[in-house]
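Consider the two complexes below, in which chain A is the common component and chain B and chain C are the respective partners.
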Partner chain A sequence: MIEVIDLSFSYNDRPFIDMNFSVKKGEIFGFLGPSGAGKSTLQKILTGLIRSYKGNAIVNKTECKSYKDDFYENIGVDFEFPSLYEKLTGRENLKFFGSLYSKKLRDVDELLKMVGLQNDGGKKVSEYSKGMKSRLNFIKALLHNPDILFLDEPTSGLDPNNSRIMKNIIINEKEKGKTIILTTHNMVDATELCDKVAFIVDGNIKALDSPHNLIMSKGAAKIKYTFMDGKEEIRECMLGKTSEDAKLQELIMSNRILSIHSSEPTLNDIFAEVTGSVLQ
Partner chain B sequence: MRLINLIYGDCRFQFKYGFYFIYSIFTIMYVTIVLFLPLEWREKAAAVLIFSDPSAMGLFFMGAIVLFEKSERVLSTIAVSPVRADEYIISKVVSLGIISAISGASIALSADAQNMLIVITGVIAGSALFTLIGLIVAVNINSLNQFVTAAVPIEIIIFTPPILYLFGYDNKFMLLHPGCVIISMISGSSDYILFLPIFIIWFLFLYKMARINVIKMFQNLGGIKL
Partner chain C sequence: MNFANSYGKLFISFKQYLIQITKDAMLFIICLAPLMCGVLFKFGIPAAEKLIILEPYYLLFDLLLAVLTPMMISYVSSMVILGDIDEGITKYMAVTPLGKSGYLISKLVFPLFASFFITIIVMMIFSLTKIDLMQIIGISILTSLLGLIMSMMVISISANKVEGMAVIKLSGITMIGIPAAFLTAQNVQYLFFFLPSLWVAKFSIEYSLIYFVLCIALSSVWILFFIKKFLKKIY
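And then the complex of A and B:
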C-alpha cells in the first residue's frame, strides 16, 4: 500500500530524509521518534504536500509527487492538534469537511456515537473539552472512509477510558483492511497497536521491525530484587544468568529477599538503546 | 460541486464570525451618510465610500479569515483534502464578492447611481482584486499586527492614485493602475473600457501570485518550512 524506495529529501542543502520501507495493506505502521526527527516531513511527503524529494514514495499505487485529483479521496489525516471551526457545531464541522469529498460518506451520527459524542454533535466546538475535540478530530479523518489513515498522537490528552475506545476503533479499522500510519511518542500504544514500528532519528530509520521482535532481539528479560543490608538495596540481573549472581544465591539461601520481580524491556528501553535518545 | 460546497462553507464561516453583521452596520451607516449629503456630492462620495470599503474589504477581511483558519488549524485539513489551491482562492474571492456586491449596490442605490450594472461589476472586480492582494499578504503573516504593518503601505499604493484620479487628476495613463480602473467603473464613467485588458493582466498576475503563496502555505503547515 505504501512503498518508500531510496527516498531522500534535502532541506537548506543538507540531507534531511533518507529512508526505505514498505507498508502492507491492512497493516498498522508506527513512526516513533523525537521532535524534529522528520516524522512530520515524511508525512508531508506521503500526503503529497512536499514534491521536491528524490527516490520513490508510492502511496496507493500513486507516486506522491505526481498525484491526480482523486489522491486525497482515499487518505484521512488526524492531526495531533484539532483542526476544527470553533464556531461551528461538531456536526456542522463533519458535514462541511465531508462535503469536500466526492465519495459516499460514513454516517455522521454513527461516527459521533462511536466516540461517545452522540449528545454533543449540536454543540459549538468552542464548548468542547480538549478530549472531545480530539475525538471529533479523529472521526473527521474517518468520515470519507479512506483506505489509508495517518494518525498523529490519536490518544494524546484522552482519559484511559476514551483512549481505550480510540484504540479499539483503530484496531477495528485495521480489521476492515485500512492501512494505518501511526505517529506517536506513546510506546505503550505503539507496542499494542503496531504491526511494525520504525525508529526515526535525524531523518533516518534506525530500526524497523515488529515491537515484539525488537524487544526480543535487542533486549532480554531481567529480574530486579530488593534486600536489607543496613538499608534497603536494589539489584538487577539478567533472567538467564541468575545462577551466576552470587548475591542472589546468598539471599535465597538465607531467605533475606524482600521482593523479586521479573521485567521485560519496554519498547522505550529499546528505543533508547538503539537511538541513544529518550522519547517523552 | 466541491467548489459550491466550499463557497457555501466560506459564506457560513463569514456569517458565524460576524462579517455579515458588521457589514450590515457599515452599509446602513454609509447609506445614511450619503443620504445626508447634498445631491451634487453624492455620486463621488458614494464612489469613494464603495471603493474604500465594500470593494476593498477583501484586503482587510482576508487577514482576519486566514488568521482564524491558521489559529484553528483548519488549513491543515484543507491541505490534505481534495480541495485544490485554485478552489480555495476562488471560494474566498466569490464569498467575499457577495458581501461586497450587496453592500456596494446598497450604497450606490442611495446615491442614485445611473449605471448600476457597471457599478456592481466594478465592485465585484475590485473585491476580487483586493481579496487576492489580502490573501497574498495574509498567507505570509502570523499575527494581526504583522498584517496591519504589511497592509498600510499597500493601502497607500492602492488607494491614493484612484482617489486623485476621481478628484480631477484624470490623466488616462492613471488607468494603468488597477484601482483607477475600478474607481472609474464604480463612479459610472466609461473611461475604463480601453484599459480593461490591463486590468485583466493585473488580475491574472495577482491570481498567479496568490496561487503560488497558497500552495506554499499548504506545504509549510507542520514539519519543515520550505
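And then the complex of A and C:
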C-alpha cells in the first residue's frame, strides 16, 4: 500500500529525513520518536503537503509528489493540530468538510456518537474543550470512509477513557481493512495498536519490526525480588538465568523472599536501548 | 462528470466563503462600503460643488470608486484566508479533493472576478464623468489586479489575522499612485512608476493602451515577487 524507497528531504541544507520502509494493506504502522524526530514531517510528505523530497514515496500506487486532487477521496488525515472552523458548530464542520468529497459519506450523527460528542454537535467549535476538538478532528478524517488513514498523535491530550474509545475506533477501522499510519509518543498505545513500529530519531529509522519481535529480540525478561538482610534489599536477575543466582536459590530454600516480580521489557526500554534516547 | 464535480467543489467552497462573511459583522459591512461610497460621491460631491470647485477631480473620484470594490473585496478575502490559516484550514484543504488550487480559486480568484463585475456596475451607476464602457472594463480589470496584489502582499507579510488588519491599512499606501497622477507634476509622478496604481490612473486619464499593458506587466512583476512567500504562508 505504501512504499518508501530512499526517501530524503531537508528543510534547509542539513539532510533530515532519510528512510526506507513499506506498509501493507490492512496494517497499522506506527512511527515512534522523540519530539522533533521528523514524524510529522514524514506525514506531510506522505499526504502530499511537502513535495520537494528526493527518492520515492508511493502511496496506493501514486507517487506522493504527483497526487491529483481526487486522490484525496481515499485518504483521511488527522493533523497534529485541529483544523476546524471555530465559528461553526461541530455538525456544520463535518457537513462542510464532507461536502468536498464525491463519495458517499458516513452518518455524521453516528460519528459524533462514536466519540461521545452526540450532545455537542450543535455547539460552536470555539466552545469546545481541547480534547473535544481533537475528537471532532479525528472523526473528520473518517467522514468519507477513506482506505488510508494518517493519524498524527491521535490520542495525545485525551483522558484515558476517551483515549480508549479512540483506540477502539482505530482497531475497528483496521478490521475493516483500512491501512493506518500513526505517530505517537506513547509506547503503550503503540504496543497495543501497531502491527509494525518504526523508531525514528533525527529523521532516520533506527529499528523496524512488530512490537512483539522488538521486545523479544532486543530485551529479555527479568525478575526482581526483595528480602530482609538486616534491612530490606532488592535484587534483579534474568528470567532465563535463575538457576545461576545462588542468592535467589538460598532465599527460596529458606522461605525468606518477601516479594518477587517478573517484568518484560516495554517498548520504552527497547527504544532507549536501540536509540540511546528516552521517549517519555 | 469529473469536470462537473470539481466545479461543484469550487462553488461549495465559495459558498463557505460567503457564509464566513455573514458570520463576521465587520466583513459584512465592508462589503457594503462601495455602495455607500457610490451614493455619497454621486450625490454628495455635486452638492458640495456649491462650496468648492470639484469638477476637475470628478475622474479622480470615479477612480477612487473603481478601486474601492476590489480593495474591499481583497480586504475581505485576506481576512478570510488569514483566519483560515490561523485555524489550520488551508493546510487541511490541501489534503481534500478541493486541493490547494481549488481553495485559492474559490477564496481569492472568484471574489476578484465578482469584484470585476461589481466594479463595472458600480461605475456605470455612480460615475460622475462620462467614461465609455470599454474603458470601464479596462479600469475594472486593472483595479481587480491591484486587489489581487494587495491580498497576496497582506497575506505574505502578516503572521495572523490581527497583524493582517494593521498591514492592510499600510498596504493602502500602494494606491497613492492614483491621486499622484492627478495632483502632482509629470516629473514627480514618475517617482511612483513602480506602483501599478499610477498606471491605472494614467490609463483612465489618457485612455491609451500603452498604459494598460504597462500596468498588466508591472502587476505581473509584483505578483511574481510575492507568489513564493504567499504560497508558503498558506501551506
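By our rule, the second predicted complex is superposed on the first by the 279 of 280 C-alpha atoms of A that agree within 3 Å, B and C clash if a C-alpha of one lies under 4 Å from a C-alpha of the other, contacts with A are read in each partner's own complex, and residues count from 1 in each chain.
The rule is simple: contacts are C-beta pairs under 8 Å (C-beta built on N, C-alpha and C of every residue); 3 or more make two chains touch, one makes a residue touch a chain.
Predicted model, so just to flag it, every value in this text is computed and none were measured.
Within the superposed three-chain arrangement, the count of touched residues of chain A is higher for B, of the candidates chain B and chain C.
In the overlay built on the shared chain, the residue A:Asp70 is in contact with chain B and with chain C.
Judged by the touch definition given at the top, the superposed model places A:Phe81 against both chain B and chain C. In the superposition on chain A, contact of A:Ser99 is made with both chain B and chain C.
Contacts of A:Leu49 after superposition: both chain B and chain C are touched. Of the two partner chains placed by superposition, A:Asn186 touches none, neither chain B nor chain C. In the superposition on chain A, A:Ser40 makes contact with chain B only, not with chain C. In the superposed model, A:Tyr11 makes contact with chain B only, not with chain C. Residues 47-49, 69-70, 72-73, 75, 77, 79, 81-87, 96-97, 99-102 of chain A contact both chain B in one complex and chain C in the other. Of all the residues in chain A, the ones that touch chain B in their complex are 11, 16, 40-41, 43-44, 47-50, 52, 69-73, 75, 77, 79, 81-88, 92, 96-97, 99-102, 140.
The residues of chain A lying in touch with chain C in their complex are 47-49, 69-70, 72-73, 75, 77, 79, 81-87, 96-97, 99-102. For chain C in complex with chain A, the touching residues are 2, 5-6, 9, 12-13, 16, 20, 23-24, 87-89, 91-92, 94-99, 101-102, 235. Chain B makes touch with chain A in their complex at residues 1-2, 5-6, 8-9, 12-13, 16-17, 72-84, 218-219, 221-224, 226.
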